[in-house]
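Heads up, the next two complexes both have subunit A, just with different partners, subunit B and then subunit C.
Up next, the complex of A and B:
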């Protein structure tokens, strides 16, 4: 399998404090990767650096063999941890915006996702509940035919039913030639979805392994492994 | 680029719909004054004038906001996540700011003509429009300078700590520098025209605006706008960083 994302020696400091330290990892195509760690671990910073919203102090990032730049940005589909849609937008406006500005946006897929995630297209985004806004953002991100989906806290604020819907969407919606990086600290939610795990703590990678290895060789669930690794960190 | 401009325009209209709405009301007041008695005529003219000057200022401020304030909102993440080059994103904002500035100038000029003709609808002529391109260029240069100052501020770690102060100081230094250089150069060459405003016709503002009918200041303003656009694009693409947690 080819690498969709390769990160080498990535470091970032904010006002002198290290946030990410010499990160090295890669993501193969067709994988769902859980980027897990407690609050302040550096998950959002890492995702924003991958999206070129933050600049790394050191390190190299390549997406499908392309160095970080406009071309590589077009291969990434980003869902931030907060609502980034303008306050006046309705769901259908957001869909039209994506359709106009992202060449890989699939309108048919967005229609399907609106149905499966129970989203009303004529509702104003700001009038929706926090959980529904998250589902709108998931719908927008997954409606693109991107190489890598970067989802930052997709389950935060969603009720169990909504979480189930998002997980189903992830399981059915990701193509074999693309990958997903999900940043979360809600381990239980992604136990059934993830292929690989990346545990991040204070900017350091504590563990980078496949979920299969953890279950087979460690004899642990992802949650048990998370608790063990982070309690000794 | 056109699609980006379309969405920027929609965003502007949704955020500032009261400005064009107020402009229409101001026009209606000015036109009603011609059909009213003397007391009502002066009341409507005063209302129209009061509203017009507020809306003119609001139009200019909204143009300034269009050029840089979008970067202070959470929705900047959406705009910067699009695979568009930074120059294209900024050019779209600048084109929109220019159109808003132009609309604000045309609005106040057209109303001046209506007031000057006792509320009769007489459209602007070429003579009235003479100073407009210069005025729009000057306003756009100010907008671009503030945008450039903000992007510079958010591109350097030390400046990023106090963005409002750094942007204000940097924009003030740049604007004073640009205007001083231009004035000194022109006075040295004997081409500087002092501003004069005719009291007979409110529209014949000359000097300060007609400065831009001379080649040097026009080219200088255009070059400044282009350089600031170029500098802002490079910084936005390579070192701009902003987070609400700062």
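Up next, the complex of A and C:
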């Protein structure tokens, strides 16, 4: 299987203090990867570096076999952990905004996603609850035909029903050869969703394995493994 | 479906499908859903579902016809084998549990006989 993303020797410091240190990992195409770690682990920093919003101090990033650059940006679809949509927008304005910005935006797909995530297209973004805004951001990110989706905390602030809808969308809405990286600390939600796990703790990778391996060889649930690995870190 | 999070999920799905075949929910020769719709039904990701299906295919419980779909085996011996395998697991777990309670073979047989006659 080919790698959609390869990271080698990636390091980043903020004001002299290390945030990411010498990270090495790769993501195969068609996999759903959980990027897990406590607050301040470096999850968001890593995703922002992958999106080229931050510049790494050292290290190499390869997307689909080519060094990360302007062209590779088009292969990545990013869902930030905060709402960035201007307050005047309605959901349908946001959809138009995205379809103007991205050539791979699929309007038909966005309609389907609005339906499965129960989003009303004529609602103003400011009138929506925190959880609904999250679902709008998920809808926008997944409406693109990207090779890799980077979702930063897609479950934060969503009620159980909304979480269920997002998970279902992740299971059914992503093409077979596309990969997804989900940054979250909500372990239970992604137990049956992810193929691989990447445990990140203060800039270091503690564990990188498939979820089935954790269950098969450690005899642990992902949650139990998370607790064990991080409490001994 | 509720999964036991400490056992590989593809194994649990395989068990469920085998159980459906043995109990007749899936009849021999039945067409089974696509991997994508099965993954939605079980609430697991595509790769997990794919792995469960390829394992079932390797064990010849299902077979895939290119461009047509996947089907439950027509072979009655295979299906009987599944039932036998399931029975073995249940019985050995039961016996292990009874022995841990301190019963001997004779007593276990007696208890079963009484339970069945009731």
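Quick notes on this structure:
One rule holds in what follows: the second predicted complex is superposed on the first by the 233 of 233 C-alpha atoms of A that agree within 3 Å, B and C clash if a C-alpha of one lies under 4 Å from a C-alpha of the other, contacts with A are read in each partner's own complex, and residues count from 1 in each chain.
Simple rule for what comes next: a residue touches a chain if its C-beta (ideal position, glycine included) is under 8 Å from a C-beta of that chain, and two chains touch if they have at least 3 such contacts.
From a predicted model like this one, the values you see are computed outputs, not experimental measurements.
Placing subunit B and subunit C on a common subunit A by superposition gives a fit, with no clash between them.
When the two complexes are overlaid on their common chain A, residue A:6 makes contact with neither subunit B nor subunit C. Of the two partner chains placed by the overlay, only subunit B lies in contact with A:83; subunit C stays clear of it.
Contacts of A:171 after superposition on the shared chain: subunit C is touched, whereas subunit B is not. Note on the composite model: angle subunit B-subunit A-subunit C, taken at the C-alpha centres, equals 160°, rounded to the nearest 10. By the touch criterion defined above, A:201 reaches neither subunit B nor subunit C.
Within the superposed three-chain model, A:51 lies in touch with subunit B and out of touch with subunit C [touch as defined at top]. Of the two partner chains, subunit C is the only one that A:221 touches; subunit B does not reach it. Once chain A of one complex is fitted onto chain A of the other, the partner contacts of A:26 are absent, as it touches neither subunit B nor subunit C. By the document's definition of touching, of the two partners only subunit C reaches A:212; subunit B does not. Touch criterion met: A:193 reaches subunit C, while subunit B stays clear of it.
Think of it this way: put the two complexes on top of each other by chain A, and the tightest Cα contact between subunit B and subunit C is 27 Å.
On subunit A, the surface touched by subunit B in one complex and the surface touched by subunit C in the other have no residue in common. Chain contact summary for the complex, subunit B toward subunit A: residues 3-4, 6-7, 10-11, 14-15, 73-75, 77-78, 80-85, 157, 161, 237-239, 241, 243.
Listed in rising order, the residues of subunit C touching subunit A in the complex are 3, 5-10, 36, 39-40, 43-48, 51.
Across the complex, subunit B is touched by residues 15, 48, 51-55, 70-71, 73-74, 76, 78, 80, 82-86, 88, 93, 97, 100-103 of subunit A. Of all the residues in subunit A, the ones that touch subunit C in their complex are 30-32, 167-168, 170-172, 176, 191-195, 211-212, 215-216, 219-224.
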